[in-house]
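There are two complexes below, and they share chain A, which is joined by chain B in the first and by chain C in the second.
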Partner chain A sequence: MWNIITILFGSTIRSATPLMFTALGGTFSERSGVVNIGLEGMMTIGAFSAVLVSYFTGSPFLGLLGAIVSGAFFGWLLAFLSIHFKANQVVVGTAINILAASLTTFLLVEIWGKPGQTDNVNYFTPWGPFNMFTYLAFILVGVSYFVLYKTPFGLRIRAVGEHPRAADTLGVNVYKVRYICVILSGILGAIGGAALSIGSISLFKEGMIAGKGFIALAAVIFGKWHPVGAALACLFFGLADAIQTVSMSLGLDLPKEFLFALPYILTMMAVSGLVGKSVAPAADGVPYEKGEK
Partner chain B sequence: MENRLDEIKNSAKNTLKEILYPLTAIVVSFLAGAILVYAFGNSPKVAYKALFLGALGDLNKFGETLVTTTTLILTGLSVAFAYKCGLFNIGAEGQFIMGSVAAVWIGWALEGLPPSIHVLLTLLAGALAGGIWAGIVGWLKAKVGSHEVINSIMMNYIALNLSNYLIMTVLNEPGKAFSFEIAPTAKLWRFSQSFEQFKYSRLHIGIIIAIFVALVAYYLLNKTVTGYEIRSVGFNPDASEYGGINVKRNIVLAMLISGLFSGLAGAIHTAGVQYRVNNLFGLTGYGFDGISVALVGNNNPIGVILSALLFGVLQKGGPMMQIEGIPKEVVGIIQGIILLFVASNFVRVMVQRYKENKEIRAQLKKGEVK
Partner chain C sequence: MTKRNISLLLVLVMALSLFAGCAKPAETPGGSAEEPAPAETPAEEPKYSFGMVTDVGGIGDKSFNDSAWAGIERAGKELGVEPKLLQSTKQDDYPPNLGSMAQSVDLTLAVGFLFEDAMKTAADQYADKKFGVIDTVVDKPNVMSVTFKEHEGSFLVGVIAGLTTESNIVGFVGGMDFPVIHKFEVGFVAGVKSANPDAKVIVNYTGAFDNPDKGKEVALTQFQQGADVIFHASGACGIGVIQAADEKDFWAIGVDMDQSAESKKNKVLCSMIKRVDTGTYTVIKAYADDTFKGGAENAIELGLKEEGVGYSDGGNNVPAEVAEVVDKYSDAIIDGTIVVPSTREELESFKPVEIK
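So, the complex of A and B:
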C-alpha cells in the first residue's frame, strides 16, 4: 500500500512539472489581458529547441537557454500581433500551434534526416527523486505569487487585465506590461516543453506535447487565474494521470479515457459555476486601444 | 443611370479589395515557404511543382484533393457561421469527432435498411451529434455566460476521449484499434463507381453535398430573418437586444447550426472515405484547419469554398513534395503564416499606415501641419 502511494506521489509530481511552468505562463498572460491559446505550440517549440541546442553544444543548460529564447520569440509574436495589430488572439494562438508543430517536424527531418524523433542528446539527469525542473517549478510558483500579489509590478499586471483604461489613466504603460507578460508566458511555456524533452527523456518526439498545453490552459482556468491555484490544478491533473498509470499496472479496470477527460470536465464545471465559479480577468482577450472611449 | 454605374463600380472595387488582401497574404506566405525550402538547400521551384502537380496533376489527384476540400468546406463553414454571430467556435474538432462516431454507430447498427434511407440517417446522426456538442457550448454561454472558447476547447478533448472509449468498447472491431466498418448501405456513392477517370480516387458525392450546404448557409445568413438576427447579434448584441432580438436564443441557435456543419463533416468523412473511426491519439486537425479556411474565406460561405480548395491543394500536394526530399511540413508552415497574416490584417493595416504617412508628408510639404 505504502509502495503504491509513493509511486502515485512521484508520478503525480512528474506529470505535473511541465504543466506547472506552462500554467504559470498562461496565468501571467491572461492576467495581463491576453488569451494564450498558443501555449501548446510554445511547449512544442521549447521542447524542440532545447534538444536542438543540446545536440549541437552538448550542454543541456544551453539547451534550456535555447528553449527560453525561442519561447520568448513566439511570445513576442503573439504580443506584437495582438497588441499592435489587434489581431484576434485566439486565431494567432491557433496559428502558433500549427506553425510550431510544422516547423519542428520540418527541422527534425532536415537536421536528423528522419521523421519521428531526434537522436538522444545530453539532458538533465534527476537530482534525488526528481529532476531539476521539478524543484524549479515549485520555486517559480512561489515567485509568481509574490510578483503578482506583493509587488507594484504585479498590481499593475492585474490592473491592466481588469481595467486597462483605468490603469492607463494612472500612468501604467498598458502595452509594455502586456508585452512583458506575454513574452514571459512564451518563456515559461517553452520551459514547460523543455521539461518534457531534456527534463525527462533525452530526445524530442513528434507529437510529444499531445495536448499538454491545453491541459495547462485548463489548469489556469480551473485554478482561477491564480499562480497557486493553477499549480494545485496541475498537481490534481497530474494525479489523474498518475492514477491512470498506476491502475493499469495494478490491473484495475478504470476506463482510462475517463481519467484523461477528467481535467476538461472539471474545468468546464468550474467556468460554468458548478464547482466554485472561475471568473476571468475582465479585459482578458480584449485588445486595448489608447484614447478609445 | 450614372449613379447606378458608380455603385456597381464601387462594389466591384470593394469585392476586389476583399479578395486582394487574403491573396497578398497567400502570396507572401508562399514566398516565405520558398525561402525556407531554399535555405535548406532545396529548390523552391521543384517543391511547388511537386505540390501543385501532386494536388492537381490529373483527375485522380484532383479527386483526392476534393476529398479533403469537402471536409474543409464544412468545418470552415462551421467556424464562419459561428463567427457571424460573434462566437468563436474553436470546437469544430470535437464536433467533427462526435459526428464521425455517431455516423459509424448508425452506419453499423442499422444494417439492413434501404441504402438511400440508411445513408441519410447516417449523415443526419452525425450532423445532429455535432450540433448537440456545439449546442451545449452555446447553451452554457447563454445560460451562465461561460466563454465559448474555453468550453469548446474542453469539449474537443472530452469528445476525443469519449470517442476513443466507445471505439474501444461498444463499437470495437475485436482486437483492433478501430471501430466496426459501416454497412455498405451507409456508404456514400463514389465517382469511381461510374466514371473511369476517377478510378483511383476516393472522390464521393460529399463534395456536392458540401457545396450545396455552403449555398444553403449563404442563403440562411443573408436572405432569412434568422440569418439577419444572427448577424445582428454578431455585430452588436446590445443593440440587437434593444431592438427586440432574443440574443441568447440566437447564440444557442448559431452554435447549434455551426456544430451541425462540423458534425456533418465528420459523418461525410466516415461514410465517404474512412468507413470506420480510428482510436485517436490526438485531435484530427480538421477543426483547426476550419479556422484557417473560414478566415481566408473572409467568413463568407462562397469564400469558404474557394479557400477550402486552396487548403485542400496544400494538404494533398504536401506529401508529394516528400518524394522530392522536401518535408511536407512546409505546407503547415505556409498555412500558419497565412493565418498570422490574415488574423492580424497585416496587409490592410500596413497599407493604411502607408497612406496615412503619405498624407501627413503631403500636408507637411504644403506647410499645413507643423
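So, the complex of A and C:
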C-alpha cells in the first residue's frame, strides 16, 4: 500500500510539473486582465525552441534559455496585438496556437529533414526523484504568490485586472503592467513546454503538448486565479493522470477508456464551475482604453 | 468576461484547435517527387508507382513506420522509382490520405491495424488501383494483406526477459489496446512464464503510439513496482520507455526494429524484430512481378519460420547461454512443438513449456 502511494505521488508530481509553469503564467496574465488562450501555443514553441537550442549547442541550460526567449517573443506578440491594438484577446490567442503548431511543424522538417519528431538531445536528467524543473516549479509557486500578494507590483497587477481605470487614475501605467504580465506568461508557458521536451523526455514531437496548455488554463480557473490554487489544481490534474497510469499496472479492472478520458473530464468539470464558485478578475479580457469615459 | 463565456470559448478553441493540423500539405521526401523519378532507361515511361500512408506514429518513430518505409525505399531503389509518402497526424487523416495517394499512384501501402476501415472504403472507391495493408486483413480483391505472428517473436524476447529478470517482475508497455498489440502482450507473457514460471508480468497500455512522455511515465511506474525488464510495443512511446531505462538502470526491450541505438547507456537488452520492411517489400515485389493477389484467402502471414519475426541483439547484451535456450525455443516453435498463443483466451489455456 505504501509503495502504491509513493508511486502515485511521484507520477502525480511529474505529470503536474509542466502544467504548473503554464498555469502560473496564465495566472499572471489573467490577473492583469488579459485572457491568454495562447498558452498551448506558447508551450509548443517553448518545447520546440528548447530542443532546437539544446540540439545545436548540446546544453539543456541554453535550451531553457532559448525557450524563455521564444516564449517572451510570443508573449510580446499577444501583448502587442491585444493591448496595443486592442484586438480580441481570444482571437489573438487562438491565432498564436495555430501559428505555433504550424511553425514548429514547418521548422521541424526544415531543420531535421524529416517530419514527426526530432532526434534525441541533451536534457535535464533527474536529480533524485525529479528533474530540475519540478523543484523550480514549486519555488516559482511561492515566488508568484509573494509577488502577487506581498509586493506593491503585485497590488498593481491585481488593481489593473480588477479596475484599470481606478489604477490609471492613481498613476499606475496599465499598459506597462499588462505588457509585463503577458510577456511573463509567455515565458512561463514556454518553460512549461521545455519541462516536457527537455525535462520529461528529450525530444520534440509534433502534437506533444496535446492540450496541456488548455488544461493549465482550466487549472487557473479551477484555482480561482490564485497561484497556489492554480498549482493545487495542476497537482489534481496530475493525480488524475497518475491514477490512470498506475491503476492499469496494478491490474485494477477499471475501463481504460474512462481512465484515458479522466483528466479531460475533470478539466471540463472544473471549467463548467462544478467545483465551487470562482470569480474572474473584473477586467479580465477587456482591453483598456485610456481616457475613455 | 463571465465564467460562462470563458468556458464557451475554451470549448470553441479546443474544437478549433482540432483543425490546426489540417492545413498541412503532404510532404514528399526527397523534395522533387511530384512525379516518380524516371526509370533507368529514359525512353520508357515509369512503369510502377507506389506510395505509403503512415499511421499517427509517423516517420521517425524509430519503429513501425520507419521499418515499413525502409522496405518501400528498398523496393523503390531496385525498381528505380521514387516512392511517395503521406503522413497522418490523426486517425481522421486516414481516409483522405489513402484517397489522395490512390489518385496519384498505382499501389498504395498503409501500415497499421487502424487502417482497416479506411482501407475497405478506399479499395471500393478506387477499384482499379492496388492496395497493400500490413497488420490487418482486408478482404477486397485489390488489397493484398500481410500480417505477422508477433506473438512468436514476442515469445522469444519473453524467454530472454524471464531468464534475465532478477526481481522476477517484468513489464509490458502496450500502445493502444487492440488485438494486434494483444499478440505482443500474450506472446511475451507466455514466453516469460515458460522460461521463468515464478515471474510476474505487469501489463500497461499508454493509449497512444505517439506520446513518449506517457511511455516514460508508465515505464517509471512499472520500475517502481519492481520491474527490471520492460518490453514495449507502443511505437514512439517506446522512446520514453528506453529513456527511462537509461535513467533508472533497468533493461528495456525494443520492438519492430533493432532499437539498441536508442539507448545511450546500452540498456536495450534485445529487440523483438518484426520485419515490416519485408512485408511492404513483398507486396511491392508481387505488384512488380505481376503476382499481386488480393482477398483474405491470399493474405500472407509471416512468422518465425518465414523469418518475418525474430529478435536481435544489437547491444550484445544477451549472454550466450540465454541465446542458446532461446534458439531451442525458436526451433520448437518452428517445428510446431510449441504453439504460441495469440489471444488472451488462448493464453489462459496455454501451458508453459520449459526447455533448458
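In this text, the second predicted complex is superposed on the first by the 273 of 293 C-alpha atoms of A that agree within 3 Å, B and C clash if a C-alpha of one lies under 4 Å from a C-alpha of the other, contacts with A are read in each partner's own complex, and residues count from 1 in each chain.
As a convention for this text, a contact is a pair of C-beta atoms (placed from the backbone, for glycine too) under 8 Å apart; a residue touches a chain by one contact, two chains touch by 3 or more.
Bear in mind that the values here come from a model prediction, so they are computed numbers and not experimental data.
Chemist: Look at A:Ser272 in the shared chain and tell me whether it touches chain B only, chain C only, both, or neither; answer first, second, both or neither.
Modeler: Both: A:Ser272 reaches chain B and chain C.
Chemist: Given the touch rule stated above, what does A:Ala210 touch, chain B (first), chain C (second), both, or neither?
Modeler: Both partners, chain B and chain C.
Chemist: Is A:Gly142 touching anything from chain B or chain C once the two structures are fitted on A? First, second, both or neither.
Modeler: So A:Gly142 meets neither chain B nor chain C here.
Chemist: In the overlaid three-chain picture, which partner chain does A:Ile96 touch, first (chain B) or second (chain C), both, or neither?
Modeler: Touch status of A:Ile96: first partner only.
Chemist: Identify the partner contact of A:Val246: answer first if only chain B is touched, second if only chain C is, both if each is, neither if none is.
Modeler: After superposition on chain A, A:Val246 lies in contact with chain C alone.
Chemist: Applying the document's definition of touch, where does A:Gly58 land relative to chain B and chain C: first, second, both, or neither?
Modeler: Neither partner.
Chemist: Of the two partner chains, chain B (first) and chain C (second), which one does A:Gly10 touch, if any: first, second, both, or neither?
Modeler: A:Gly10 sits against chain C, while chain B stays out of touch.
Chemist: Just checking: does A:Ser202 make contact with chain B only, chain C only, both, or neither of them? Give me first, second, both or neither.
Modeler: Second partner only.
Chemist: Name the chain, either chain B or chain C, that contacts more residues of chain A.
Modeler: C
Chemist: Applying the document's definition of touch, where does A:Ala280 land relative to chain B and chain C: first, second, both, or neither?
Modeler: Touch partners of A:Ala280: chain B and chain C.
Chemist: Overlap the chain B and chain C contact sets on chain A and report the shared residues.
Modeler: 35, 37, 90, 94, 97-98, 101-102, 105, 109, 115, 207, 210-211, 214, 217-218, 221, 260, 271-273, 280, 285
Chemist: Residue numbers of chain C touching chain A in their complex, please.
Modeler: Those residues of chain C that touch chain A are 1-3, 5-7, 9-10, 13-14, 16-17, 20-21, 23-24, 27, 29, 57-61, 87, 89, 171, 177, 202-205, 207, 210-214, 216-218, 220-222, 224-225, 236, 239-240, 243, 247, 262, 264.
Chemist: State the interface residues of chain B toward chain A in the complex, per the touch definition above.
Modeler: Checking each residue of chain B against chain A gives 36, 40, 88, 90, 140, 144, 146-147, 149-151, 153-158, 161-162, 164-165, 168, 281-283, 288, 291-292, 295, 327, 329-333, 335-337, 339-340, 342-346, 349.
Chemist: Per the contact definition, I'd like the list of chain A residues that touch chain B in the complex.
Modeler: My answer: residues 35, 37, 77, 81, 85-88, 90-92, 94-99, 101-103, 105-106, 109-110, 115, 207, 210-211, 214, 217-218, 221, 255, 257-258, 260-261, 264-265, 267-268, 271-273, 280, 285.
Chemist: For the complex, give me every residue of chain A touching chain C.
Modeler: 3, 6-7, 10-11, 14-15, 35, 37, 40, 90, 93-94, 97-98, 101-102, 105, 109, 114-117, 120, 125-126, 196, 200-203, 205-208, 210-211, 214, 217-218, 221, 241-242, 245-246, 248-251, 256, 260, 271-273, 278-280, 284-286
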